[in-house]
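Quick one: this structure, given as structure tokens, is what I'll be asking you about.
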Amino acid sequence: MRILYFAWLRERIGKSSEELEPPPGVDTPRALIAWLRTQGPGYAKAFSDEKPVRCAIDQEFQPLDAPLGRPKEIGFFPPVTGG
Amino acid sequence: MRILYFAWLRERIGKSSEELEPPPGVDTPRALIAWLRTQGPGYAKAFSDEKPVRCAIDQEFQPLDAPLGRPKEIGFFPPVTGG
Amino acid sequence: MRLVAVQEQDFDAGALLGRLSGAGTGGLASFIGIVRQAPDGGLKALCLEHYPGMTEKALERLADEAEARWALTGCIIIHRVGRLEPGQNIVFTAAASAHRGNALAATAYLIDQLKTRAPFWKAEEMQDGTTSWVDAREADDTTAAAWNTPASPENLP
Amino acid sequence: MRLVAVQEQDFDAGALLGRLSGAGTGGLASFIGIVRQAPDGGLKALCLEHYPGMTEKALERLADEAEARWALTGCIIIHRVGRLEPGQNIVFTAAASAHRGNALAATAYLIDQLKTRAPFWKAEEMQDGTTSWVDAREADDTTAAAWNTPASPENLP
């Protein structure tokens, strides 16, 4: 699946998107975060605290414990600050 | 004093302003209306019902029973409908 | 920046908004009132009359009140008079502030208060040749008065 | 008339308002968000990032909601992205309706909801060379959520 990172998550991870296939059993955004954390120091730093992390599954805001399903795209980002 | 008429009061009276000296004892806009009503059929028609009549003394909205004092100018008009 | 005007000519909303966009302004709200065609298409024009001198004083006072209540960096009130056809602009209110809530509330305040506290009168000229003075709307009094209640709208979003 | 856009270039508020001034429109409200200089003058620029694709969907949904709730004759949402200096426009929301209260409420709704429901992120570039991401404001969540309470603002002036 395509994973996108925005704002300081993008900066800490060092890329804005990538294609990744998480292992079986990763069934929520929160589980995906736990797995990503093991993928390198940038990820560990970006996801060290889940509290300010928000996500969208196929471009819809979802809670971190939403069922992940088989999305085409998942985005991780801090709380929005537009307007 | 200068008396001004607006909207349908102006149309019924047939003029937009005039200089008049009301008799002693005319000490409120309501009393002025009662006296104006005797000044001709246009006035009688314009002021036949006081309910929709509003006034301003020296360009400030005032109730019909406000003290008239010695104003330079008094305006009579229906409720406002701008905006 | 303060601008209050009563005029026959149209206004340029874009240019007016540009004048409010100054230092310290984070939010800029505006309202334009437009002559609305009647549902049956029967309206030919509105004819707007006002009380010269008193009108300007009343509008300046509304601007004073809005500036004091919402810490504005600027505000504008422009009201047209004369004969206006459907689709034409009648009135413009705008307010600028550091914060969006203040700009939005002040803009709504200005138009709500103007409707009941500024000496303008509208007559409707109909397609069938008749003309009649527009009656004041009780709802406008209610709306204007609600700004003075404890639960007045600036405490809300 | 519906216009939703995310763009780097500035917008022309006057021209946009002109596009909303159609048949049946009696009131036309708008809000412009502007990059505000910090009180100490230390802000050099805001850098605005967004989530392409998702942003447009989120803004279209807000427009749908506003049109359904307030019987609008039109609405516009434009949000700029990229690097914006103090005094420059960031965002424009506008709503047109037969009645002023609807236009004013919908305009406020659009900007309040946009702040919490559209994927934009701001970073501040300071005069001293530092850059930091802006934190979300809890007050924005409260303001946006208040539109869902029984005493929501459209029942007020």
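Per-chain numbering from 1; labels A, B, C and D assigned in written order.
Note that a contact is a pair of C-beta atoms (placed from the backbone, for glycine too) under 8 Å apart; a residue touches a chain by one contact, two chains touch by 3 or more.
Since we're looking at a predicted model, the values are computed, not measured.
Think of each touching pair as a link: the shortest run of links from subunit B to subunit D has 2 of them.
Seen from the Cα centre of subunit D, the chain whose own Cα centre is farthest off is B. Rounded to a whole number, the gap between the C-alpha centres of subunit A and subunit C is 48 angstrom. Measuring from the averaged C-alpha position of subunit C to that of subunit D gives a distance of 22 Å. We define each chain's centre as the mean of its Cα atoms; on that basis subunit A and subunit B are separated by 73 Å.
Subunit A and subunit D have centres, each the mean of its CA atoms, that are 26 Å apart.
Shown for subunit D are the residues that touch two or more other chains, namely 33, 100, 111.
With touch defined as above, residues shared between interfaces to two or more other chains in subunit A number as follows: 83. Subunit B meets subunit C in the complex at residues 4, 6-8, 10, 56, 59-61, 75, 77-83. The residues of subunit C lying in touch with subunit B in their complex are 33, 48-51, 53-54, 57, 79, 90-91, 111, 114-123, 133-137, 140. Those residues of subunit D whose C-beta lies close enough to touch subunit C in the complex are 12-15, 17-18, 21-37, 87, 89, 98, 100-101, 103-104, 107-108, 111-112, 143-144, 146-147, 151, 153, 156-157.
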